[in-house]
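Shared chain: subunit A. Partners: subunit B in the first complex, subunit C in the second.
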Partner chain A sequence: MSSTENIIDYNKKGLPPIFGIFGFGLFGIGLGLSILAYLIEPVRSAYNNVILLEFLSSIGIGSLFLIALEYVVGAVWSTPFRRVFEILSSVLLILPLVAIPVYLHAHDIFHWTHLEVVASDPILNEKSPYLNMTFFTIRIIAYFVIWILFHLLITHNSKKQDVTKDIKLTKLNTKLSAIFLPLFAITLTFSSIDWLMSLEPHWFSTIFGVYYFAGTFLAAIAAGTYLVIWLNEKGLLVKGIGKDHYYSLGALLFGFINFWAYIAFSQYLLIWYANLPEETVWFLQRWNGSWMYFSIFFVVIHFLVPYFALLSQPSKMNPKTLKFMSVWIILAHFFDLYWIVMPTFSREGFVFGWIEIGFLLLGLGIVIVVFNLKAKNQNLVAIGDPRLKRGLDFRL
Partner chain B sequence: MDEKILYGYSGLFDTPDEIIEAANKTAESKFKKYDVHTPYPVHGMDDAMKLKPSRLPYVALVVGLSAMFGMLGFMYWISTVDYPVIVGGKPFFSFPAWVPVLFEITVLSASIATVVAMIAIFFKFPNISHPLHDTDFMKSVTSDKYGISIDVTDDENVEEAKLFLQSIGANNVTAIYWDNDEVNFKNSVLQPKFLALLLVLVIGVSGATYFTLNKLMFMAPFNWMREQAKYIPQEKSTFFSDEFAMRNPVAGTVQRGLLPYKFTKKPEESAALINPLEVTKPNLDLGKKKYDIYCSPCHGYFAEGDSRMRGQFPNPPSLHSEKVRNWSDGRIFNVLTDGQNVMPSYAYQLTRNERWAVILYVRALQRSLNAKESDLK
Partner chain C sequence: MSSDSLKYLEDISVIEGRPSLRSIDDVISKPLDTKPDTKYYIALAITLSMMGIGGIALIFSLYYGTGMWGNNNPVGWGLPIVNFVFWVGIGHAGTLISAILFLLRQKWRNGIARFAEGMTIFAVMTAGIFPAIHTGRPWLDGYLFPYPNQHGLWVNFNSPLLWDVFAVSTYFTVSFIFWYVGLIPDFAILRDRTKNKIKKTIYSITSLGWRGSNRHWQHYEMVYLVLAGFATPLVLSVHTIVSFDFAVSILPGWHTTIFPPYFVAGAVFSGFAMVQNVLIFIRKIFNFEHIITLDTLEKMNKVILLTGMLVGYAYGMEFFMAWYSGVQVEQFTFVNRAFGPYAWAYWIMVSCNVIFPQLFWFKKIRRTIPLMFVIGVFVNVGMWFERFVITVTSLSRDYLPSSWAYYTPTITDFAILIGSFGFFFTFLLLFTKTLPVVSMAEVKAVTYGAQPTHKDH
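Let's look at the complex of A and B:
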């Protein structure tokens, strides 16, 4: 494999300044609006903060999952832009900061934290060994520790490989990934239960973790796809990434649009069929008042539009379509979380105002700013990866 | 034996890189009818051969969507128009339950249509012969070699293809001939052989289906599910001494909500019964319906005793006679319940309410011929 080293023609170039300025702009506006929102409507802001937290964790942990999956299955096609996903996953480092305001407002948004209510409610009383503040705190700390630990280990090895070009580091990362994947499955499932499902503590759905995972992975692929195409068009990645790579990303995106719809519908169909009051309450809430219109609209934006936009083979290779649909899907995932979280806050009908927009801008801003900062001091391509040449030669 | 017709030339290559390059060169050459054969899908081959995107996806799209909407309409028609049945308390138009069916039918029909279209259009089914079959070339490219074959059947200068293959570095350049027995340029669906095969298939499949459903299901061990430790109707009991599996109710058992008829064989006393039904349109309609079914065969549609039974012994009586007109409703009820002379009891065919409704209708028929003074005003 020594011959590959000479072929890779990569010169580190900085990202265009407009990227950082745009990111800081979004971040600044978003942060300002969110702080203002916390001063005016703290409870509504805390709910929005849950959306923000889960949005960022989607992009961060989804990217890390994709990297781990590629290591474990020995994927070659994705090596030229694995680093983009590695940098995206550094969003995980910011997560604890974003979680602090939610944690401080836990009493406002989590019904099960009201001990006097729990004592008089037989269902919540039975659930209290799991849903109590002490165990909750231990769990969320455990998630952050596990995620950030594996993020640091895997990206550290990958960066070290840029210099040493040692295949052993790939093997080490493969082992780390194999350990990470089951931990990922458990932590992601339970974190979705803790942050999202426990907003309605009486309700339960056994497929909820998978549902959140589908959205998570979709958002991460979308964010990565956009950045890969954009960076490649600016010539910041290595030469040789072309429509075969775009097609693979597009196919992954398309596949997980279907997977999301499949899981979302499975959850709905079983609850609709069994028609048990303790399960249907969640969907009835999302059919209440103007939420009904939002739910119907949501099926269109999260499934029908992206499905038909990416159905044909040429559309999966077209950079313009892919970039547009990536942004679309990132926003759709935001609305997915909005649809999960906000009906608990506003039961009569949906509310969407400057507060929601502020937190959305803050979320996008954080991703861009973190990416910009992290991209400054490392290569945008894993130039030391022994599989890189094969990845560039990948053809359909 | 006739001289064989030349199909074309084939050449072999040793590595995937060579075949990609060779495919590239062939695509740029004057030869348009050529194909590349590899033991496994080689990445980048579509590009090298400069293939246009396949049109098969459109078959899948069109057939898939048509099947989906067809099935949607079909299920809508079944469940809401033709045979609405409530299942699990769900509405007739229960769309979520149909989604899995729609999904399956879309995938199934699209994939079957794709395969059938491929076989029918591109392979020209039922033509199953090809000159490349059974050649050493085909043996090589299905194990460890990569090959190109150029079709020169319609070309003038056949030697060019041979020279071209040699010029791009192919090994074992070989001429391929049509098999004279199998020369078959036509898409011949109406071949007797093929039709005979279809016939055999149809008879075989329907025979097997008939045998399975009508015979096999009743043979051991497939009939074991039928043989259960319970009595089926008309089965002999080995437990009760009278050998009846179905037990008679205890003497004096009365049907729930229904008192026994007290005036059996007591026509005079039954006269005191009063018709519980009011004279309303629905009651008269019910009476007319039941009268036309059960009474009109003898008494005639207008109760004049003029049915086709007239002339046979004994003549059915008219219900417009003085006697019947003066009977009370209860007295007629007794006739319907018990029967009279050759008229049997209609207690099994008509419920009590239906008998009263028939009486209302008979009264209406009677008044149509013998109206009271008050009816004329």
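Let's look at the complex of A and C:
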């Protein structure tokens, strides 16, 4: 059978209802627990809400980054399932909603919002032109506007191409992506400084934006990989996606596991070696009390296990391994954010209870629910993309 | 449909036209079969003279001591370290092209990988000169390698300078083996072509009995893949550790966490510019224009644009964090860089590395050879100045204002720099006449029809 027929063969099929039910289940439980958490422990919940916000923005913006990358470099292997990432990036649309509770609790979690503290602290005083509520608000609105705008533009063109099959739309999206990528680098960096680094307003590290980017992209590829394999196994994508495509996704996961470790290690080693008090404070906090155990465990979870699991060539194409490791890496990214955020809240040692689980379930639930809703009214494959045929023919 | 749109639909062949396999062998091995012309000897004379200038300067430095250089308190690291970092950086493009792009299955690398890899080896050799002479007593450099000796003398394992010794020597070894393994099928082709008995004997030995059998190819592909896998983390580690030389200190302007990825990006940036510069000549002189195509050069220019912006990101981030840190001396360092006594060097760096490469946003410029050449030269100038700015500005304004000084390199410093270029280009010239500068076997794998697609199954 030739692949031209495969493209024509694509008939839109709905996602299995179990997917939606599962998603709504997670979402419901998560939302219930989170609301309860806000009633009982509002400050701890606000910190968890930061994790949730960054977790969702990782998956959303990371997916959009992958799409833009595909257009700019002219990749073909990922074209058959680019739509999956497009749908995933819809998570960006609800980010402002998730940010509202954090914003309302800004005074509880961001030390620099306390004007009397800032006035008496020379370092915070120096930073106040950047770290103040007005500028902070302007910035976070700017991030959301830029991200959502490019998400809408790029996915709109891609969907339009399903009908028109117009090559010009690919060219247009390539241009949009080229504009988006530098903006992405800047907005992602500063959003990570605003939401995460400024939790410890004295601390600074120039690599922090790169560190967050590594995790972001990893989480997005992992989420996409899981969905691509699962949808393909259910026969909801086009025929022709196989081991070669899986391998590429697996290799990307493996590559970025290494990249993340490289960046994390660089940050750690340089701060440890120079031993300057204004920098070491951040790592010392993560070595304080039971946080020490968490930090060690975290290296195993986020690097060693995925590294060895994905090292061999067969494991990078094995759908079972890939699906398992995708879920693993998504959770590892959640723990990464937890490791960045929570030591500010609980300085003596780590706390992990139903509140954290509730917000995690809420995060996963939101991703699945949004995906399910958005997948209903569009094709799951970019059937009008001129590169689709080449993408399906892709072999290692 | 325009040919421009066709690229979305079809896999465009990396090699232009449909040259026969025989003609590929012919054109690539031609420089080896023919006697070099006068121009070649003129070029060699120039590079050898440059090398001679460097050699004389070096002899003087060794005879009279390193006082011949501009290095002094507080700027103890001057041009030798700047040149070291510059040359190691040049080497990075080669491994990126030959190993990383191989792992990423970028077929356009096949035409340029051999040459770039050769440049890596020569650049690392050139770089190696500088730390060796910078010790001041190069005859004692053997002690850099830790071995049990009767003096009971051990190296400082905590020092990134020592990690450099390990990283660079490992990197050189693996690069060399990788390069050599890639050469084996080509040596066999040369062996089978040549009529000269001496050459035949040499090629027979170097081709290690290659017969091109299926089994040979299977093993070869596996070894090549594994070596590419080894070379990839190594190339990252080398410039990472070079960045550690600076970043593990507590000197403002040196100690900042973004240094490792920033140095790697900068190394690839300057290396690509150098490879692009040299290839422009090679493809013209040896008639490789259909093998090293304009498309390939355009792709290289895109990499230059990308890495240039990564470097720009790092400059911006350093500045922002210096301000954001609220640390006074940190802020002073960066203001001093941009507006202090070395402002001229800083602005050369920024304009060459960040501003000029932005011209590569325009397709027309990416595909115009004279313009891309000029931008490539700017990039290399800019990247040399980047290392100068990092090394010198921070040291010249250290913690103690009474010891501040202005560093000026001496004529000996510049002579050694010129010598390093002579050394590098002499090896490059010899390389073009002794070994196939393009991999014949790899290029054949990307000609038209070499890669059957699966659509017929």
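The rule is simple: the second predicted complex is superposed on the first by the 388 of 396 C-alpha atoms of A that agree within 3 Å, B and C clash if a C-alpha of one lies under 4 Å from a C-alpha of the other, contacts with A are read in each partner's own complex, and residues count from 1 in each chain.
Keep this in mind: contacts are C-beta pairs under 8 Å (C-beta built on N, C-alpha and C of every residue); 3 or more make two chains touch, one makes a residue touch a chain.
Fair warning: this is a prediction, and the values are worked out from it, not measured in the lab.
The superposed arrangement places subunit B and subunit C in clashing positions on subunit A.
Note on subunit A: of its two partners subunit C and subunit B, the one contacting more of its residues is C. When the two structures are aligned on the shared chain, A:Ser312 is found in touch with subunit B, with no touch to subunit C.
In the overlay built on the shared chain, the residue A:Lys389 is in contact with subunit C alone; subunit B does not reach it. Contacts of A:Gly209 after superposition on the shared chain: subunit C is touched, whereas subunit B is not. Shared-chain residue A:His111: touches no atom of subunit B or subunit C. When both complexes are overlaid on chain A, the residue A:Tyr273 reaches subunit B and subunit C alike.
When both complexes are overlaid on chain A, the residue A:His302 reaches neither subunit B nor subunit C.
Overlaying the two complexes on chain A leaves one subunit C stretch of 59-67, 77-85 or 347-355 clashing with subunit B, which is 59-67. Judged by the document's definition of touching, subunit A residues 269, 273, 275, 395-396 lie at the interface with subunit B and also at the interface with subunit C. Remark: subunit C residues 1, 5, 7-11, 105, 233, 236, 240, 244, 247-250, 255-261, 309, 313-314, 317-318, 321, 324-327, 361, 453-455 touch subunit A in the complex.
Against subunit C, in their complex, subunit A makes its touches with residues 2-3, 74, 122-124, 126-127, 130, 167, 170, 178, 182, 185, 189, 193, 202, 204-210, 258, 262-263, 266-267, 269-271, 273-276, 278, 386-387, 389-390, 393, 395-396.
Put simply, subunit B touches subunit A in their complex at residues 43-44, 46-47, 53, 57, 61, 88-89, 96-97, 99-100. Remark: subunit A residues 265, 268-269, 272-273, 275, 311-314, 394-396 touch subunit B in the complex.
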